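Two complexes, one shared chain (chain A), two partners (chain B, chain C).
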Partner chain A sequence: MELIFEKSRPGRRAVVFDPLDVPEATLPPALCREEPAALPEVGELDVVRHFSRLSQRNFGIDTHFYPLGSCTMKYNPKMAEAVAAHPGFLALHPHLASAPAMWPLCQGAFELIFELERLLAGIAGMRQVSLQPIAGAHGELTGTLMIAAYHREKGNARDTILIPDSAHGTNPASAAIAGFKVVEVPSLPDGTLDPEAFRKALNESVAGVMMTCPNTHGLFEPRVREIAQMAHETDALMYYDGANLNAIIGECRPGDLGFDVMHFNLHKTFATPHGMGGPGSGPVGVGERLEAFLPGPRVVRDGNAFGLASPPRSIGRISAFFGNFLIAVRAYAYILHLGGDGLRQVAHNAVLNANYVYARLKDLFEPAFDGPFMHECVFSAAPLAKHGVHALDIAKALLDRGFHAPTVYFPLTVKESLMIEPTETESKETLDAFCDAMAEIARLAAREPETLHAAPVTLPVGRLDEVRAARELNCRV
Partner chain B sequence: MNFPEGLKYTREHEWIRDDGGDVYTVGITEHAAEQLGDVTYVELPEPGLVLDQGQPAGAVESVKAASDVYAPIGGHVSEINQELERRPELVNTSPYNDGWFFKIAEGNLREFDTLMSSTEYTRFVEDLDE
Partner chain C sequence: MSFVPVTPVEQAEMLATIGLTKIEALFQHIPESLRATSWDVPPGQSEMAVRARLAQLAGHGDGTRICFLGGGYYDHFVPAAVDALASRGEFATAYTPYQPEAAQGTLQSIYEYQSAVCRLTGMDFANASLYDGGTAVFEAATMAVRLTRRQHIVCHDSLNPLYREILETHTANLGLELLDGDDPAGAACVIVQNPAFLGDVRDFAPLAQRCHEAGALLIMSFYPLSLGLLKTPGAMGADIAVAEGQSLGVPLSFGGPYLGILTTRKEHVRRMPGRLAAATEDAQGRRGFVLTLQAREQHIRREKAMSNICSNEALIALRALIYLCLLGKEGLREAAAHCHAKAEFLKRRLSFARLLNPGPTFNEFAIRLPRKAQEVCAALAEQGYLAGLPLSAVGRGEETDLLVAVTEQRTRAQLDAFAEALARACR
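Up next, the complex of A and B:
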């Protein structure tokens, strides 16, 4: 397929301007390019066909099974798109919230924010929720900033956050950006947090603990309550990374497990668009200890009307307006559409599907841990290294067979890791087709490894040289 | 796998060599380089930086993973291998020679003596593989 630049023909245009009927202005030479920008010159139909074809070559959840572990690439029901496209939401000007005189014009939006925050708080066992953070890691940063504010106010000199090696990958970066030192806590061989190592790492400098539960090994942390209790005895706060909330929604609430603060990924658990299709949304929830520090302003109810107010010791604004509002609309529609029983069924089916894949693949690939798993299962491709086959070859071979690859080389605790998260919306037939493809790949790995090295062979581009792309990055035409 | 005699090794897979004159050279082991795969980027410490043992002193990235590099012993950074910025692949092709990361001056000899020998590190890596 030609690049759009290769389709360029001098003088070809999609838009023809009217003749100039005002005096021509001259720009200061310092503001002018020395050479014209290298833009493609193409007609409208060229552009439409080019990008339509590109979009058809994409792997997306609407076209392909997408078992990208830890990312929860679940189907986004079209119902929620229709709700978010309602002109009352779509055409709403965000600055209506800027002055109390205009609040009567956006009561519906305020009510939706208020209600969604209330529903999320109920789902997670938190006291309050703020929709402001616009991504999962942004929620982590907001949470760690609140933890810092909590200790600052109490006069606690705390500079460290403890993070298990099985936590979600963004946690250390978020804690570091909030100004903390990060200390990693190792897992036991069974893939769960080592309570003795945790006890040793816990001291008077620890401000908080960031845990993912189930963790990125796909396992529920059986001692999470005990860990929360140990942390609270030293006044360290517990942060829950909601990346894997899909596994427990409706069955188990982070607040009940002892967590003080958390984020939700609306783009994972609540079926809003994800990946390149975003934008993301990472609301934070807090328990009693951090309620006063939530970002502001917040939507509050005053009698029958909604207005805005900031919590007493708010850390302030952490995004423009109220986060990605139209994403919140989709999540609200999704929650109301499924209801409590429906959300619980999501977790059941997500866990069932992951364990079905585990059961079918556990004799073909080496499980990284003993199952059963929660919503995702982790294998190691290390035993195939003797045939010269690596996780990357398996990922590429799956593309040839019409499946998006699972996550590879993460979690870092597992060699040659393959992390498979099927999500709840996949049928048994789809899971079987995926497992059949994996079985075929396992056979080829032993008998004809060279065919896997060549993959992908059916796609518009073959195996990309990722190493060279990283070493010799060149984004210019 | 080659873990040369005469070097000392850490559990985080750095090697360190006593060059004499109170100067030590640091890099990552062949095992670490192989686990990372083709290295695409190396971040080195500022010369003059004072390091405690175990403190992050740089980072190494491949298309698979990114990892911190830690100071095997305390001391201060006296020299860095600037060639790695242009040719990160040296970490894979020559982990113990051209692929060195940085040098530590006035290093803590007592800390140096407690690190693993080649034999001990070989056993350590074998245990990890099980």
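Up next, the complex of A and C:
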């Protein structure tokens, strides 16, 4: 397909402004660009067709089953889109929050932030929540910065964060960006954290521990309470990566499990759209140990009015205002709509769907662990290597059959990993169709592996030359 | 309500396939002692009720006032086609393009976005997006630290104080030193902003040269829409240019989602944070797009990654791209020229106040009023205006100082009426 730049015709325009109704003004030439930026010259219909057609070259939840493990690609309700498009939210200037004289003009937004933070705190068993972090990884960074501030305040010399080898890449990256050394703790063959290895790794330099529960193997960490106790005995704090909260929402709360700080991924558990990679939202929750360190300023209630205040030992601003506010609006609407019972049903049916897929596939593909799996199940395609078939081939063959691929090659602890997270919003017939396709692929892998190597053949492009992309670095026109 | 489509009969069948009879049994391996000690989320409400509640909250604010408030975030016009296209489910409900063949729409749009941003800024490479303008400053600063192996970051007073605060929060545990001023000696970088937070437009080329002589990088935070007129960061010699992309077709939305733009020069691309799309071909020679240089990123490099960013602001980058296409070469110049001309017109109408900018400005300027700025803002809000940003509230001026922004959306009649209202409020 042509680039929009290739559709440019000199002199063609879409948006034209009204004639200037004030005198023209000039800036000194030395401060001005010499030529206008070479943006496309196209009409509105050119733009509309171009981007409509581009959109049709995508798989999204609205069009395809999208069992991308760890990403919780559930249905994004249109109701949430409608409320986030309210002109009263869209036009609200964030600097209204900057001066108390203007706070009366943003009371509704303050109330929404206050209410959502309170609801999220209750859902997770945390004391307080801040919506400031912009994505999950930003929440991790915020959390580890609070852990650093906690130890600095106490005069503890701590420079290390312990992280299981199954953790998502953002966990070690966030800890390192926050200024910590990262020590990896191995998993047991059953896929859960090795408590003995953890005990050995825990020493006076450890500031905190980052865990995911259920972990990225789809398994609940049975010893999570003991691990938290061991950590707390040395004054190390416990961080909960909330990416997998969908599995346990309403059944378990990170605060009850012994975690001091966590992030939520509103774009996962609370059904806000993933937008081709973002925007998401990664609020942080804290228990009493870190309450005083939350980012500020925060919305507080003062009688009948809402205003702002900073916690006493706040780490400061982690984003300019209140994070991705319109994502928070969507998540708030989702929580109000589902309510307590609906949210528990989310966890139940997310786990049901994953276990159903597991039951149907476990004799066709090698399970990476014995389970019991929660919201996602992990297989290894390693045994198919003898036919020359890899996880990547399975992924591409699924695309040809109209399904987005599972997450492949993550977690790194599983060779040729296939990580399947169906989510609760998929129907039995969709899961059956997916499992049928997987069964067919398993058959082909043994009998006609070359047909899998050719996949995908039904999409606008086949497998692309990534080595050439990296060598030529053609990243713009 | 939970958007669960599985019927009770199907649920029973599925449980039977699993070998269970009750759905609760799926959780039986989690000991009772680890279960939630309380669960008091209120009962669900219908779509109708939820939408009524949200409409009520949206009504308790005010987006209808005539806006002269800026401070880094501006009330620009957003063409309807931006919303219509960016809200398509095929874009909005996709995720990171991990399977390029099923995400050519996403990947080509990133490639086009990178192209548009490079053409706008005069820089060589743009990444696929960062969170927002403030965090982009942090990413740029740590990139400069990696490139120079130096530990000092110098912040020029042109920089938005919110960005400076965000930078401080993010670097608190990194052992870096944040200094003020513009002296590049021994520094990893000097961070400037153009136009400055208070509105001044400068040519930072001489500072760029001083930085390079001292082995430091020049990081420039720019205002994307102003580049319809202004000299580009690339032409001034910036090594890394970053921006808050909100001015490119993104509604104010009480602070987000916005768009972090980051660009750099060829020689630094391998140290750049964030995703990057590149053109390539398939076996049949068809052009296609993939993510490239992924070894810089967290999912491969983990604790050694250039950044921890995973989810970014791709859909907002798409908005910016669509906006730039709709305005086009001439439209962007026009939008910028109108902003500037209208601001100059208002500036002259406010001669009763003292102008605090010594030189040229783009669409924003600072004035000293005979009265406290917060009082003036409150009085003008009653009359239907957001008069501007009281500068003392962000630690950048006296209590009487007000930062006033003008966009292409303001009409001459509005500017006249506002100037009069402001004059009255100051009497």
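A few comments on the model shown:
Criterion: the second predicted complex is superposed on the first by the 424 of 477 C-alpha atoms of A that agree within 3 Å, B and C clash if a C-alpha of one lies under 4 Å from a C-alpha of the other, contacts with A are read in each partner's own complex, and residues count from 1 in each chain.
Following the convention adopted for this analysis, a residue touches a chain if its C-beta (ideal position, glycine included) is under 8 Å from a C-beta of that chain, and two chains touch if they have at least 3 such contacts.
Note that the structure is a prediction, hence the values are computed from the model and not measured.
In the superposition on chain A, contact is made by A:Gly275 with chain C only, not with chain B. Legend: residue contacts after superposition of the two complexes on their common chain; A:Ile441 is shown touching neither chain B nor chain C. In the superposition on chain A, A:Glu466 contacts both chain B and chain C. By the touch criterion defined above, A:Val389 lies against neither chain B nor chain C after alignment on the C-alpha atoms of chain A. In the superposed pair of complexes, A:Cys252 makes contact with chain C only, with no contact to chain B. Ranked by how many residues of chain A each touches, chain B and chain C are led by C. When both complexes are overlaid on chain A, the residue A:Val346 reaches chain C alone and has no touch with chain B. Counting contacts as defined above, chain A residues 408, 466, 470 meet chain B in one complex and chain C in the other.
Partner chain A is touched in their complex by these residues of chain B: 35, 37-38, 40-41, 61-65, 88-89. By the touch criterion given at the top, residues 408-409, 412, 415, 466-467, 470-471 of chain A touch chain B in their complex.
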